[in-house]
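Next, two complexes with chain A in common: one pairs it with chain B, the other with chain C.
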Partner chain A sequence: MKDTPESRVIDPGLDETIKKLTPEHIERVVQHVLTKENAARLKVYIDTCVHCGLCAEACHTYLSRDCDPDYSPVGKVKNTLWELIKRKGKVDGEFVKMMSRVAFTECAVCRRCSMYCPFGIDIAYLLMIVRRICSLLGVVPQYLQDTTNSHAVTSNQMWVHQDEWIDTLQWQEEEAMSEVKDARIPLEKEGAEVMYSVIAPEPKILAQLLGNMAQIMKVAGIDWTMPATDGWDNSNMAMYSGDFEVMGRVERLHWETAARLKAKKIVMGECGHAFRGAVYDGPRWLGWKFPPIPMVHAIEFYYDILKSGRIKVKEKFKEPVTVQDPCNTVRGRGLGPKLRYVVNELCENFIDVNPRFEHNYCCMAGGGTINCGPPWKRSRMVSNRVKAEQFKATGAHIVITPCHNCHSGIEDVIGFYKLGMHVKFISEIMVEVMDVPDELKP
Partner chain B sequence: MPDASNWDWAVEKKTVADLKQLRDKFKGVHEFVVSPDGEKIAAPVVTEENSFTAAINSDTWPEMVELLWYLRFLPDGRLTALVRIDDQWTLMVDGVPWNERFEYAWDPRPCASGSAIGMMIKRDFKYGIAIDDKVWEEGFDGIRDYALSPDGSRAAATVQVAPLAEADIFAFSEGVWSIAVDGKAWDKKYLNTWKPIFSADGSKVAAEIRTDICEYSISVDGNDWNDRFGCVWEPLFRPQNGSVIAPVRKDGFWRLAENGKTIWDGKYNQLWQVKFSPDGSRIAVIASPEYGRWTIAVDNAPWKRIWEDMVLEPHFSPDGKRVAAIVKEVNRWTIAVDGNPWGEQFDMIWDPVFSPCGKHIIAKAERNGRFMIVADGKPVGPQYDALWDPIFSADGTKILLKYIENDKYCRQVVSASDVLG
Partner chain C sequence: MYDFARGPLVWIAFAIFFGGSVYRIISTIMLAKKDKVILPYMRTKYGLRSIAHWLIPFGSRNMRLRPFFTIMSFLFHACLLLTPIFTLGHIALWQESWGVSWWHLPDTLSTLMTFIVVAGGVVFVLRRLSDPTVRMVTSFGDFVVVLIVIAPFVTGLLAYYQVFDYRTIITIHMWTGAIWLASVPFTKIAHMLFFPLTRAYMGCEFGYVRNARDW
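Entry: the complex of A and B
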């Protein structure tokens, strides 16, 4: 195995956990995952791939690392899954550690490579199989595993206690009402049109976003509610750590909470991976082909309330802005045009990125990579030089990031590459520029 | 269940409260709740001084508080709310606060008999349960869920029994979670515990447990089932003999297990929300017999009709012979009875209410923002601005309606034959 700065990163989630592994246990888990959990789809992909390497140019880690073939999608699969298959799972702990590092910290499962594969192979799915094996072996980066543990206990990703959740909403309601009259956060309101769900960083470290939404909902005249029970967090890092049982548990509670409250739809905050977990991976693991209750991402929601005139803009945001297309909502759902409509409605000077829409580069924070924590931050930054170059070329001052992982990841990129830019969520700009009718002014 | 025998089933229609007067009187009026007998309507209200209290019909609780929310009627008609007084939280019952004060208190619930009410509390950085103003002596590092015994004398909760340092995945894997019953934790610790539940006599507690990364099972009073499963869902005690039933996932399929042994060996893609018939002899459960297709399985026989959107919990008729459930297809809701969906669909529908004889079902439904009663699949009577679940009289001859129309809250008793046709 190559000696690289990445291979020397100290992470107890990898270094300590492999000490307990036995060859028999590794082989048993590998065989179980390869033959019991993934047989048909995996076989089709493995049999179809002609090893052409056209996926390489798609990957921001490959491009950012001077086209190192080990960082190409096919290289990552070759070094991990193909070896597992070839050796029939007869690998040692050091190999598991290497494949855990590759699968969790060097691939953001962003699926850009699938678009460049002549056969459309979902290469990220192959890396997710590696993650699943690592999860069952207990070899997962410490901070990502801790996030999954939080999901398992609390159903949210940041160990937010139930009292902290409700208390934060009540505090933010007070804050919102100081800006917009009667901007309540109606808790546990049965039969509301919308259940609004968010991810745990909002109550934990970005509480003002909850207050922002109370203002927006009031001005837009939306009949909405938020749960005062677990089930309010739509995020799902268990999906990315490979703990699908915990993933399913989190998603079930999210949907059952909406059903309990008799909400007609869920509107979710600005997060991309949460959209994937709630709309695709989670429901499917549980047995639904589609989300059981309509799920509307914040980008679509903002589009609707601007397009319909429910929110009017008083004066557009003046600073030059660009945008990050989150992989799971733009490549995964096609919300790129709606995102640009929203940005253009709110901002005077929008400079688009290149490449964009579904061809946009990943932030290299999604897919659970940022949740792998501080030990892997430098690696993430080195793996996303192209993202820094892409933003720098726009000359914008602000990067609008309608996704929490993008928001944090791009903030890191801006700092690491000294771009002198700032990141903002859409809601932060919307509350700044929206027209609050006189009767709603406090 | 509320005791409806003493309610007024004679008066046909009564306007209980003028809600416009209430709105004119206060700076803010929050969501309304109504008493089980329909005689009272209440809401948290905000005064011009930004104090809170509860308004009930034309009265208010005398004490003003800093914050009041989660206003709920108990089955016996008492009105409760979570209140903040001097920056501390407690429960107010009919306007009288508990003596105990907490750093935080939430999720108050009545027991099945309605005689007691419990809630989760935080005090001095420790978490616990309070029932009827009495607090567990021992506090815990964390709490996530709880259950009350049917008579309300006992409580069980998922609790964190040891501190956990930030990102300490190794201590977590050793187990820091357990079940506490009446404030005393089981000896065993687990990675996770979920969904505690009491037996009918209140003597036993069962819960979901997780013992390793992908090893799940059920524990009863800290005695774990021998087998481990790929996943489990919430357990339930069989009413007659106290045995424990739970959905378990084995070899990628869901089955029902009783005391650790498989009793339904059908290969379901999903099984959850197990319900017993009133006499405990029959089992109904939400089931996915194949991927993307949902229905109700009764005694291991799935209904032939399936739905792709969503199927909610099954409800047995009082005699246990019929089963009804809310179902959704193409984002339209209705009710299915013994596998047959009603012909009409709605924007939203509430739980089916069986007549005492079990022959008829009524439910509250919503269409285009208006609410109506649906009887055996047909909308009947007028539409309302707001409506609460209808209730049959014990003999099944009358139905109590509680609704808001033109800013008036009304209680109305109607003849069941008029509604059911």
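Entry: the complex of A and C
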């Protein structure tokens, strides 16, 4: 195994767990995942790949690391999955540690490479197979595993208890009321037009976002609610740690909560993972072709309320802004044009990025990479130099990031590469520039 | 050897080619049922849309990023597929045996196209050797595949220019052609069979399910 700064990172989630592995156990798990859990896609992808390397330049880690072959998408598959298949799962703990590092910290499963492979091979899916094997073997970066454990216990990502949840919502309701008269966060309201979903970092560390939404909902005149029970968070790191059993439980609870409240639709806050988990991975695991209740992402929701004139802009945001296209809502939902509509409605000076839309580079925080925690931060930053260069070229002061992972990841990139920019969610700009009618002024 | 190549070998090669191809495609579709999340999402419109974007030169961003490789790759694949079908010498054999014939390429053009295939194969090999990213994921088999693919074209040229003993060369040409055909379903050349399947699936995952583009 090559000796690199990445291979020397200390993470008990990898270093300690591999000590418990036996060759028989590894082999059994690998064979189970390769033959029982996967079928046509795995086989055809492996048989079809002609080793052309055309996927390489799709990957931000490859580009950022001066085209290091180990960081090309196909290189990552070769170092992990091809070896597993070739050796029929007869690998040792050190190998499992290496493949866990590659799959969890060097690939954000953003799926950009699938758009560069001439055959449309879903390379991110292949890396997810590797993650699944690592998860079943218990070899997962410790911080990431902790979020999965939190999901298993509390069904949210950050060990938020029900009393804390309700308390935070009430606190933010009060905050919102000081800006917009009668702004409420209606809990447990049956039959509302909208159930609003957020992820655990909001009550835990970014509570003002909840208050922002209460203001926006009031001004836009939306009939909405939030659950007071578990089932409000579907950020679902289990989906990315490879623990699909927990992933399924989280999504089931989320949909059941919406069904219990008889919500007509769900608006997912500015988070990409949660959207992916709720709309794609969750339903499939639960055996549903599509989600049982319509769900729109915040970008689409903002688009609707701006387009319909429910929210009017008093004075546009002045500072030059640019955007990050989150993989799960742009590559994963085609919301790039709507995102730009929203940004242009709210901001005076929007400078677009290049490449953009589906072709935008990953934030290198999503896919669970940022959840792998501080030990891997340096590696993540080195892996995303192209992102820093891309933003720098825009000359913007603010990067609008309608996704929690993009938000944190880009904040990291800005700090590491000293870009002197700031990140903002759409809601932060919206509450700043929206026109609050006189009767709603406190 | 010549008589065998001229007779049974052609039949065997075509049988393996067609039989093997049908088998690989059908078994893949059967296996796709086991995956459960593939067939329910397949839609003709989005599948064809994706295939079209990747069959038209410069139809995808990745192709536009590397114009030389794109042009070379399209020329290589087009010449590889068209030349054997429309070469006068081949049609003459069909005419002789079956009494069927069709339009043929002018000799100079088919020679040029054959050269393009050989040159393309050489460029592929050189790229595999010189680009560290490609070299890392290259296995011995990848070179063998290129050899299998260009061998009938090299021998075709030798036969056309009557280098060495014609009868020996033409026999080798027939054998290499047969090996090429028979290899399609069971080597990496099978990417030719799977391209429409993988492309269509991804086109549907992006287009039908996610409302996004995959080119």
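Methods note: the second predicted complex is superposed on the first by the 442 of 442 C-alpha atoms of A that agree within 3 Å, B and C clash if a C-alpha of one lies under 4 Å from a C-alpha of the other, contacts with A are read in each partner's own complex, and residues count from 1 in each chain.
We take it that a contact is a pair of C-beta atoms (placed from the backbone, for glycine too) under 8 Å apart; a residue touches a chain by one contact, two chains touch by 3 or more.
Because the structure is predicted, anything quoted here is derived from the model rather than measured.
Touch criterion not met for A:Gln208: it reaches neither chain B nor chain C. By the touch criterion stated above, A:Asn349 is placed in contact with neither chain B nor chain C. In the superposed model, A:Thr229 lies in contact with chain B only, and not with chain C. Contacts of A:Val50 after superposition: chain C is touched, whereas chain B is not reached.
In the superposition on chain A, contact of A:Lys289 is made with both chain B and chain C.
Of the two partner chains, chain B is the only one that A:Gln145 touches; chain C does not reach it. Shared-chain residue A:His359: touches chain C; no touch with chain B. Judged by the touch definition given at the top, the superposed model places A:Ser114 against chain C, while chain B stays out of reach. Chain A residues 289 lie at the interface with chain B in one structure and with chain C in the other. Listed in rising order, the residues of chain B touching chain A in the complex are 28, 30-31, 67, 69-70, 103-104, 106-107, 120, 122, 127, 142-145, 160, 166-170, 172-173, 177, 191-192, 210, 213-214, 216, 230-231, 251-252, 269-270, 272, 288, 291-292, 294, 308-310, 312, 328, 331, 347-348, 350, 366. Listing the residues of chain A that touch chain C in their complex gives 38-41, 43-45, 47-54, 56-58, 62, 67, 69-70, 72, 74-75, 78, 114-116, 118-122, 280, 284, 289, 330-334, 355, 357-359.
By the touch criterion given at the top, residues 12-13, 16, 36-37, 135-136, 138, 142-143, 145-146, 149, 152-154, 161-163, 166-167, 170, 182, 184, 186-189, 191, 228-230, 243, 245, 248-249, 252, 255, 259, 262, 264, 286-290, 292-294, 373 of chain A touch chain B in their complex.
The part of chain C that touches chain A in the complex is made up of residues 28-29, 31-32, 34-35, 37-38, 40-41, 50, 54, 60-62, 65-66, 131-139, 142, 145, 188, 190-191, 194-195, 197-199, 201-203, 205-206, 209-215.
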